[in-house]
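Working notes, structure below.
Chain IDs A, B, C and D follow the sequence of writing; residue 1 opens each chain.
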Amino acid sequence: DDIKQGGSMIVTYKDDVSTLDPAIGYDWQNWSMIKSLFDGLMDYEPGTTNLMKDLAEDYTISDDGTVFTFKLREGVKFHNGREMTAEDVKYSLDRVTNPKTQSPGAGFFGSIKGFDEVAAGEAEGLSGVTVVDPYTVKIELSRPDATFLHVMAINFSSIVPKETVEEFGADFGKHPVGTGAFSLEDWTLGQHLIFKRNEDYWRAGVPKLDQITFEVGQEPIVALLRLQRGEADIPGDGIPPAKFLEVTQDDQYKDLIIEGGQLHTGYVTMNVKMPPFDKVEVRKAVNMAINKDRIIRIINGRAVAANQPLPPSMPGYDNNYEGYPFDPEAAKALLAEAGLPDGFETEIYVYNTDPNPRITQAIQADLAAIGIKAEIKALAQANVIAAGGEPDQAPMIWSGGMAWIADFPDPSNFYGPILGCSGAVKGGWNWSWYCNEELDAMATEADSITDPAKKAEREEMWRKIFISVMDDAAWAPVFHEQRYTMRSERLGGPDAIFVDPVHIPVNYDYVWAKDVQ
Amino acid sequence: MEAGKGMSVSETVVQQAVVEPQERSVLRRLLARKLALFALVLIVVIVGAALFAPLVAPFDPNEQFFEGLTLEGAPLPPGAEFWLGTDLLGRDLLSRLIYGAQTSLIIGIVANGIAVAVGALVGILAGFFRGWVETILMRFTDLMMAFPALLLAITLAALFRPSLWIVAMVIAMVNWVQMARVVYTETRSLSEREFIVAERSMGAGTFRILFKHILPHLLSSIVVFGTLGISTTVLLEATLSYLGIGVQPPTPSWGNIIYENQTYFTSAPWLVFIPGIAIIALALGFNLLGDALREVLDPTQKGRH
Amino acid sequence: MGSYIARRILQSLLILLGISFLTFVLLYLIPADPARQIAGRSATVQTVENIREQLGLNLPFYQQYFRYLTGLVQGDLGRSYLQKTEVGELIVSRLPATLLLMLGAIVSELIIGLSMGLLAALKRNTAVDNGLMVLSFVGVSSPQFVIGILLLYVFAVQLGWFPIGGYGTFMHMVLPSLTLGFLGAGWYSRMMRSSMIDVLRQDFIRTARAKGLKRWQVLFGHAMPNAMLPIIAMIGIDIGLFMSGIVVVESVFGWPGIGQLAWQAIQRVDIPIIMGVTLVSAFAIVLGNFVADLIAPLIDPRIKLR
Amino acid sequence: MSQSMSAASTTAKTVLSVRELKTAVATPNGQKIVVDGLSFDLHEGETICIAGESGSGKSMTALSIMGLLPEPMARVAGGSIHLGERELTGLRESEMRSVRGDDIAMIFQEPMTSLNPVLTIGRQLREAVLAHESVSRREADRRALDAMKAVRLSEPERRMTQYPHELSGGMRQRVMIAMALACHPKVLIADEPTTALDVTIQAQILQLMRDLQKETGTAIILITHDMGVVAEMADRVIVMQHGKIVEDNDVLPLFENPRDPYTAELLAAVPKLGAMAGKDPANVHAGDMLSAKVLEVDDLTVRFDLKGGVLNRVVSRVHAVEGVSFELARGETLGLVGESGCGKSTIGKALMNLVPWEGSIRVSGEHVVKAKTAAADRAYRRNLQMVFQDPYASLDPRMTVGDLVGEPLIIHGLAKGQELQDRVAGLFHRVGLTPDQMRRHPHEFSGGQRQRICIARALALSPKVIIADESVSALDVSVQAQVLDLLKELQEEMGLAYLFISHDMAVVEQVSHRVAVMYIGQIVEMGTRRQIFENPQHPYTRKLMKAVPIPDPALRRGVFEVPSGEIPSPIMPLGHDVERVQFLDLGDRHLVAQS
C-alpha cells in the first residue's frame, strides 16, 4: 500500500521528560526523542543493531585503529536554518566531554586523545579532534577502540549548534536544536511535548508524520486503556503487566502487539566483599537456587531465562554454555561445603516499583528453600543505587528497573562499569564488587582489536571473559526481558521500528499514519 | 467484731451500688447503640483474626503455590480452594489478609499509641504552662503542621530504610500534631475553668491539677481521637505502601497488598477491592466506636440534673 | 489589623525557615549521592568529583544550607539535578493543575459534606441521619487510592462518562476532585452536623423563630452563617491534608500537578525539587491557615485579630 | 382559685386565654408533666407576672404559648390557648409562624445569646418587620429605626450597623424589646428579661417596658423569680410551683396577704432592701480576744496587660483594682458591692494569689509575701478560702464530692485514711449533708446542696477568712436563704470572717456588718451597714440603691429615676494612670470618696 506523508500520533509516558539536551539526556523517555531531534555521525539501520553512516557521508580508519577521519554530508541544516559543519562536530564533542556540561556520557569518550586533560579541567577542548576542512573531521584516539563507531552513534555524540547552545545555556535541553527529522514545536512542562516534521530533513522521504505529541504523567495502565479507546497511539512505557494477559489473549489486538528482543539482562548481584558471598560456593548455590522458569511465569512469560551476563542477540553470547541448573539440593550441598549447612541471613535490595518487589519475593522464597533467609529492602531507585555503590551495604541487589540495557550493541558495554574493576569503586555500578585483574586485561586487549577481519577473534575473547565471570558466579543472571509493545490501528510501519533495539522504545522517524487522506 | 464486719460488708455493698450502675452504664449505653455494637463486632472479628492468625488462616501467607497461578502466570479468582483467590505470586489472599491484619493493627495501635501519647503530652504541657514552654512546643507543632506530612513520612522512610517498626515510628512522628493541637486547646480552656481555679485556690500543686483534674477531662477527647487515629494510621501505612515505602515484602499488610496489586484492578479486581474493604471495615469499626465513646463519655450528655 | 498581619507574616516566615532547615537536614542525611546520580553509570570518579564541586556538595552542611537560603531569598529555588530545569519553573508549570485540583476538591467536599451534614442535622436521630453518618464514616475511612481506582474504573472505564485520567477540561477534573474531596466530605458532614445541631439549640435561633421567620430563613439566614464558623477554620487545615492526598490522586489520574513532580523527585532523590515542593506546600498550608484566619472575622464579627 | 380582677381588667377585653394547659416533656424515665392544668386570662393593657422558683414551669408555659417548645422532647399535651378567637394549640407551623412576632412577641432571658452574633442589629430588626408585612426594604428599615428610637437607644442609626457583641447587655436587651415591639404585637411575653443585667440597667429596662406599655397598650406576661420585679411591675400575679398555679391574685392583696403557704414562704425568703433598717448587726465575736484583724488589705492594685502590635507587646492595661484598702475582723462580714466589671472578683483572686498583685495583704497580722515556693504558698492559704459563684462549675464533675471535700486536707497533708474519712464526714454533717452522699458526683446534687459542698470544702482547712464571691447569686431565693443562714450559723459558731462579694444590694444588706461599694476598680464608699444603707453619701451608692426594685407593691415607685449612660471602662493606654480617690471620713469610719 502507498504510504502518504502527514498525520500525527500520540505517545504517552508516565514520567516527565527531563531534558532534550543530547549531552545529558539519558533516560527512557528522552532517549528516543533525542534521536529524532538530533543526528550524529553514525547511526543504526532502523529496527536493527547494524551500524550505518548518518551525518558522516564516509569515514576512514587508520590501520592501527587510532585515527578516524569523517567526511561530512554537505547541506545538512540545523533546525535554526544554519548549515552543519565540521566545527559543530568538534564543538559538540568538546562540549560533551567538558566537565561543566555534567554529561553522564562523558566517560564514553575516554579513548579520544586529550580526554583526560579536558576531564580534569586542564584543557578547553579535545586535542584529538581536529577540523580538517568544513566537511572533514579527524579524530585521534589515545588507544585503539573497537567500539568507537558505536560511540559515535550514541546520543551523546549528537551534533549541536554552538550559537543556540550558548544562547540558552543550561536551558538548551528545553530548547533543543539539532539536525534531526523532527524539531520541537511546543513543550508544556509536566503535560506534553509536540514535535513537528523537519521540512528540510536531509534524508529523503523521512519522516512520514507531520507531528508527534508526547503526553506525560500517565500511568501505563491508564495509557493502555486510552489506547484501547483510540485516544492514544503508543504506550511509551510498554504494555503494563496488569494488562498483558488481557490484551495478548484478545484476538482483536493480535496484530497490534509487537514483540522484540532487547539488550537486557536481569540479574542478582552478590557483593563478593561481604561474607558469606566472598565464598564462590555460596554464590554458586544462589545461582542454582533460583527457579527462573517460575519467575518468568510470574511476569507472564515476557522473558527468556538467562544463564550468562550477555543477552542472546549480543555478539559474544555463548550458545553452548549451559549455566547453573536449577537444583536446590545441589545448592544446599554447596552451602554445606562452604560451611553454612544451615544457611544464613542476608538482605536483598530492590527498586520499589512493580514488578520488581514481586520478582524479589519469588527469589526470596527460592533462597529460603535452601536455608538463606533474605530480608527484602524495597527502596527508591536512588537509594538502591547508592547502597550498591558502597562496599559494605547491599549484600544482594535485584537489578530490575535499574538493570543494564546496553547503550550500544557491543559486549564491552556489558563489562567495564558493571563487572570490571573500574566499576568496583565507591559510587560505581559494579554492585558485585567483583574485580578480576586478569579479565580486565583481557577486556582491554579485546577492545583494542579494531580490525574488522578479527571480529570473530574479538568476540571469542569476550565470550571467554563472560564465562569466566560465570565461573566465579559474580552474578546470578535471571532472565532477558522481551519487549512487548502495542500500537494503535492507525499506525503503520515495519514491526521492528516499534521495538527498535536502539531507538528505545520506538523509532519515530519511520512510523506513518494510515488515516492520512 | 461482728458488728464491724457487718459494717464493712454493708459498706462495700453501698460502694458497689453506687459505682456499679455507672460503670455498667457506659458499656451498656455503648451496647445500646446499634452502630457501636456493629463496630465492636467488626473490631472483634479483625482483632481475633489477627491474634489467632496461625489458627484461622487456611495457608501459610508466604507460600507461593504452584497451582496458585495459571500457566500464563495469572492469579486465581476466589474459588473453592483459595476462598478469596490468589495474588500475583500464587499466594492465598485470605491468609495474607488475616496475617496482614496483624501488621495493620500493630501500626494502628503502636504507631497511633505513640502519636497519641506524644501529642497529649505536648498539648497538655503547652496548654497548662504557657509562657516559653507553650511558645516552644506550639511553634514546633505549627512547624510540623505546615510540614507536608506525607513528604516527611516519605523522606524519613527513605532515610531509615523501611521496616514495620520504622514505618510505625514514622507514622507516629507525623501523626501526633493534631492530637497536640486538640489537647492544647482543650487544656487551655480547662485551666480557665472555675473548678481548676478553685483547686489552685486550695493550694493544689501543678502535678495534682494536671493529672488528677485536667487529664481525666481530656480522656474522652484522647480516647476518641485515639480511635480515630487508628484508622488514620492504618490508612497512612496503606498510603506509604501504595507509594512503595511501607512495610517490606513479603510481610503482608493490607496497604501493601493493595499496592502490589493496584494496577490489576481490571484483570484481578479481588486483589484490590477485598483488602480495600478490609481497611474500610477496620477504620469504620474504630471510627464508629470512637464516635460512640465520645458521646457516651461526654459528661454533658448525662446532664446536670 | 495591620500589625496583626505583619506579625503573622513574620511568624509564617519563621515557620518556613524552620521547615526549610528541617527538610534540608533530612535530605542531607538521605543515603543517596546526587553527584553520582547526575554523573550516570558510565561516569568516572573524576567526573563525579567535578559535579560535586560544581554543586557545592563538598561544602560543609551549614555552608550548603546558607547557599540555598541565599538563593531562596533571591527567589531562586535552584536547578533540578536530574530534570536540569529551574525548580521554580517546574513548580510554576505544575502549580495551576494542583491548585485547580484543590479547588475542585474543596468545592466538591463542601457541596457534598455540607449538604449531607445539614440533612443529617435536620433529620437527627432518624434512619436518614444514621445512613448519612455511616456514609461519612466510609468517606473518612477509605484509602484514597481505592476510591480513586474505583471511580476511575466505574465512571471512566466502564461507563465512559469521564475521560480516563488526564488534564484539560472540566470533565477531567470531576473524578480526581471527587476522590480528593471524599475524605473531606466525610469530615465536613460530621462537623456540619454537630455544629448545626449546636447552633439550632442556641437562643438566637429561638429568637429568630419567635419573630415569625420562615423555616428556610431561620436555617440559611441565621443558622448557616454560625454553623460555618468552625468549618472555615477547617478549610485552612485541609490544604495540609490535601498535600498528602494529592500525591496519590495525581498519580492515579495522571494529573500533572506538583504531587507527581514531588513523587518523581523523591524516587530519584532530586533534592532541589523536593526542597522546592516542600516549601511550596508548607507555604500553601501556612497561607491557607492565614487566609482562613483572615476570613473568619468577616463571617464572625466577634473575632478580633490581635 | 378565685379570679379577682383588677379594676382595669374588668372592662378591657381578653386578648389571650389559656385553659387547662398541660405540657409534657420526655425524660429518660418517661413522660413528665411540667405544666399542669394552667389557666389564666390576659387582658388588654394588663401585666401579669408569673413567679415561682426555678423549674416550676414558667418558661415552659411561655414556650407553649409561642409554639416554640424544644422539639421533639416537649409538647403540649392538653388544654387550649386562645388568642382572641383563634385556637393556637394544634396550629400548623406555617400558621403559627404568622402569629409569632405579629400577635405575640417574646423577649428572652439572655440578651447576650438571644441575638444572632453574626448579623447586624439592623438586619435582625428589619427581618422582624419583613416577616409579617409586605413593605419595602426601605420602609422596613424606617420602622426598625423607629423601634430603636422607641426603646431610647443612643445613636440609633449607628446601632443599626453594629453587631450584637459591640453592644452592652442593657443595650442588647433594648434591641430585643425593639424587635418584639416592631410589629406592634397584642401580647408581649418577657421571660426573665432582666435577670442577667446589673441593677441599674435592670431599672432602665423595667421602666422602659412600663412606658411602652402605656403608649401601645400591649398586654404583657412577665416571667420572673424576682419578687422585687413582680412588685414593681405586675397588675396580677400568678405563682407557680411544680407546674401548677398555687395562687393567682392581684398584686397588692397577694403581697399583703398571701393565701397559699408556698407564696408566703416565697415572699418571706426574698431579701428586702431596707428590711434591716434600724437594726445594728451584731458581731458575736466582736469581743473575742482574737477579734484582732484577721485580714488587712492595704493599697491593693491589680492590673492586667493587654498586648498588641507587631511584636505583641503590652499596649494597654486593665486597671481592675486600684489602691483598695480594707480590713476584716474575726466574726465579721464585709459586703463588697458594685456593678459588673468593677473589680470585685479580682480582689478575691488577688487575695487568693491567683492573679499578680501589688500592695500589701496581711492575714492574721502576717504579711503575705507573693509566695515563691509552693509550700509557703500553701501555708497561708490555710487561713483563707474561697467559695465561688457557680457551685457546679467550681466542682470537678468527675470526682466524688467526698474526694472533693477531702482534697484540701490531702493537699495540705492534714489527714489520711480513716481520719480523712471521718473528717470529711464531719464536714458533711456540719453543712447539713449526710455522709452517705459522699460517694456521689456533683451532678447528682441540687444547686443548694452543691453550694453546701463548696462551703464544706472551704471549711476543711478551718480558715479564718472565707471569700464568698457571688456565692448565692446562682441560687433560687429559697435556697439562697438557706445557704445564707448556714453561713451565718458557721460564722457565729466558728468566728469566721467573710468577704462577701455580691451585686445584690438586698443580700448584702442582710448579711453584712460592714459594706464597701466599688466603682471601676476603687472603693467609693465604706462603712457599717447602717451607714451605707441608711445614709448613703456617694452619688454612685445612691444610684445603686435607687435602682433596686423593692418587693412591695405598696412602695412601688411611679417613675424610676432612671440612671442613664454606660459605666466607663477600666482599660487605659500604657502610661495613663487612674486618678485615685480621696476619702473623707464622715465619722465612725464612714468613708466616702470625694468627687
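We take it that a residue touches a chain if its C-beta (ideal position, glycine included) is under 8 Å from a C-beta of that chain, and two chains touch if they have at least 3 such contacts.
In UniProt terms, the chains line up like this: B, C = ABC transporter permease; D = Glutathione import ATP-binding protein GsiA.
Computed from a predicted structure; not experimentally measured.
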* To do: Please state whether A-C or A-B has more C-beta contact pairs across its interface.
  => A-C
* Return the chain label for which the distance between chain Cα mean and whole-protein Cα mean is smallest. => C
* Could you state the distance in Å from the CA-based centre of subunit A to that of subunit D? -> 87
* Structure fact -> For the pair subunit A and subunit C, the C-alpha centroid-to-centroid distance in angstrom is 39
* **Inter-chain centre distance, subunit A versus subunit B - centres from mean C-alpha coordinates, in Å** => 47
* Asked: Cα centroid separation between subunit B and subunit C, in whole Å?
  -> 24
* Sequence positions of subunit B contacting 2 or more other chains -> 158, 265-266
* Structure fact -> Touching at least 2 other chains, the residues of subunit D are none
* **Multi-chain contact residues (two or more partners), subunit A** => 219, 380, 383
* To do: Within their complex, state which residues of subunit B touch subunit A.
  => 62, 64, 66, 69, 71-74, 88-89, 158, 161-162, 244-245, 248-250, 260, 263-268
* List of subunit D residues in touch with subunit B within their complex -> 349, 352, 354, 374, 377-378, 381-382, 385-386, 388-390, 392-399, 407-408, 411-412, 436, 439-440, 443, 454, 457, 461
* Asked: Which of the residues in subunit B come into contact with subunit D in the complex?
  -> 14-15, 18-19, 193-195, 197-205, 208, 212-213, 216-217, 299, 302-305
* **Touching residues on subunit D, where the partner in the complex is subunit C** => 66, 68, 93, 97-102, 105-106, 108, 110, 113-119, 127-128, 131-132, 163, 165-166, 176, 179, 307-312
* Touching residues (chain side subunit B, partner subunit C) in the complex -> 35, 139, 142-143, 145-152, 154-156, 158-159, 228, 231, 235, 238-239, 242-243, 255, 258, 262, 265-266, 269, 272-273, 276, 279-280, 282-284, 287-288, 291
